[in-house]
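Presented below is the structure to which this report refers.
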Amino acid sequence: MPYVNIKITREGATPEQKAELISGVTRLLQDVLGKNPQTTVVVIDEIDTDNWGIGGESVTVRRKRGQ
Amino acid sequence: MPYVNIKITREGATPEQKAELISGVTRLLQDVLGKNPQTTVVVIDEIDTDNWGIGGESVTVRRKRGQ
Amino acid sequence: MPYVNIKITREGATPEQKAELISGVTRLLQDVLGKNPQTTVVVIDEIDTDNWGIGGESVTVRRKRGQ
Amino acid sequence: MPYVNIKITREGATPEQKAELISGVTRLLQDVLGKNPQTTVVVIDEIDTDNWGIGGESVTVRRKRGQ
Amino acid sequence: MPYVNIKITREGATPEQKAELISGVTRLLQDVLGKNPQTTVVVIDEIDTDNWGIGGESVTVRRKRGQ
Amino acid sequence: MPYVNIKITREGATPEQKAELISGVTRLLQDVLGKNPQTTVVVIDEIDTDNWGIGGESVTVRRKRGQ
């Protein structure tokens, strides 16, 4: 019954990679806490780099500097 | 003053249906807890089926199997 | 499969009232969008009035003024 | 290490304005609580006006009435 | 730079188990998407069973029935 | 009408500091985007250090090492 929300920048994650995140985190919750995988919900949010900030500036600006 | 976030898969909910969710949940909070509808905020997130997982797999994969 | 998060101030909602919110919003999603109630998840967060702000001030301060 | 999520309606905020939100809220957390700006994360969600409700109706409907 | 929020019912997860969730999901994001573990943030919310609903009823009620 | 969620570790923020966060972020949204402060909602979540992870480990463990 857990609910997991994963937020990443929108930079080309493929459906296969997102499927791996879903299966991996569902298995982790089963292994560590015995949670039923059938009712584990995972939601992935992909966020534009203009809308994600760290260190006081957007990821867009950081990427331009090569970070 | 409540805040409600509703997450659903992006599968064609119409503006009219979303308006019904907004009015319905606002009324529910007024009926059950006496909350002022004027300051109740509702945000609906529609999530791509690749980005929603349940039972360890994406909804895209489940829909292909007819679930 | 929807996920609903309801945030309210922590001001004495009873288990019965919270059960009404859970059943009510689950039914709403079934009625409006045909969502399966068995997999609808609802999480209620009760927030201390010091930690909830509206109009630029905390609810604690507003309650003291009688709002 | 704080995490801040800002939700606004999608109504034309520019990258420059979003950068100001990111730098401003990061500075606020440093000034008020001494938080390290290097690890402060800010995520801005822009929400369609059909998907944002207040007062029991969508912002789309309110905007049409001139609110 | 990813942000992960894990919500589980408050039913006795230990600090060691929560540490395993944190390290496991951080590693998963590194393995699948090459994300830098140093800036991956994980927040675990433990929710009272009165405040978690599934299938239209609270987990408290379900646990009493042996589910 | 914006909604802002600020998550910090639970390490003794006072009501006065939380009030400063509320007024500061509300003013920021008014200054940058012209948002009406009367309907800006701010919710602060204080998270136990066992439940907050960065760099693959909990803040509790990091604090013990002096970080």
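Each chain carries a letter (A, B, C, D, E and F) given by its place in the written order, and its residues are counted from 1.
Keep in mind that, in the parts below, a residue touches a chain if its C-beta (ideal position, glycine included) is under 8 Å from a C-beta of that chain, and two chains touch if they have at least 3 such contacts.
Each chain and its UniProt protein: A, B, C, D, E, F = Tautomerase.
Predicted model, so just to flag it, every value in this text is computed and none were measured.
Colleague: Could you see whether B-F or D-F has the larger number of C-beta contact pairs?
Modeller: Between the two chain pairs, D-F has more contacting C-beta pairs.
Colleague: Taking all residue numbers used at the chain E/chain F interface, answer same if over half belong to both copies and different if under half do.
Modeller: different
Colleague: Which listed pair, A-C, B-F or C-F, shares over half of the residue-numbered contact pairs seen at B-D?
Modeller: Same contacts by residue number as B-D, out of A-C, B-F or C-F: C-F.
Colleague: Quick check: how many Å separate the C-alpha centres of chain A and chain F?
Modeller: About 21 Å, centre to centre.
Colleague: Averaging over Cα atoms per chain, report the distance between chain B and chain C in Å.
Modeller: Taking the mean C-alpha position of each chain, the two centres sit 14 Å apart.
Colleague: Where in chain A do residues touch at least two different other chains?
Modeller: Each of 1, 3, 7, 21, 39, 41, 43, 45, 52, 54 in chain A touches at least two other chains.
Colleague: Every touching chain pair, please?
Modeller: Touching chain pairs, listed by label, are A-B, A-C, A-D, A-E, B-C, B-D, B-F, C-E, C-F, D-E, D-F, E-F.
Colleague: What part of chain A is in contact with chain C in the complex they form?
Modeller: Residues 1, 3, 39, 41, 43 of chain A touch chain C in their complex.
Colleague: Taking the complex as given, what residues does chain D use to touch chain A?
Modeller: 15, 18-19, 21-23, 26-27, 37-46
Colleague: Show me the residue ranges of chain B that touch chain C in the complex, using the header's touch definition.
Modeller: 1-9, 13, 17, 20-21, 24-25, 28-29, 31-33, 35, 39, 52, 54, 59
Colleague: Name, in rising order, each residue of chain C that touches chain F in their complex.
Modeller: Going through chain C, the ones touching chain F are 7, 45, 47, 50-58, 60-61.
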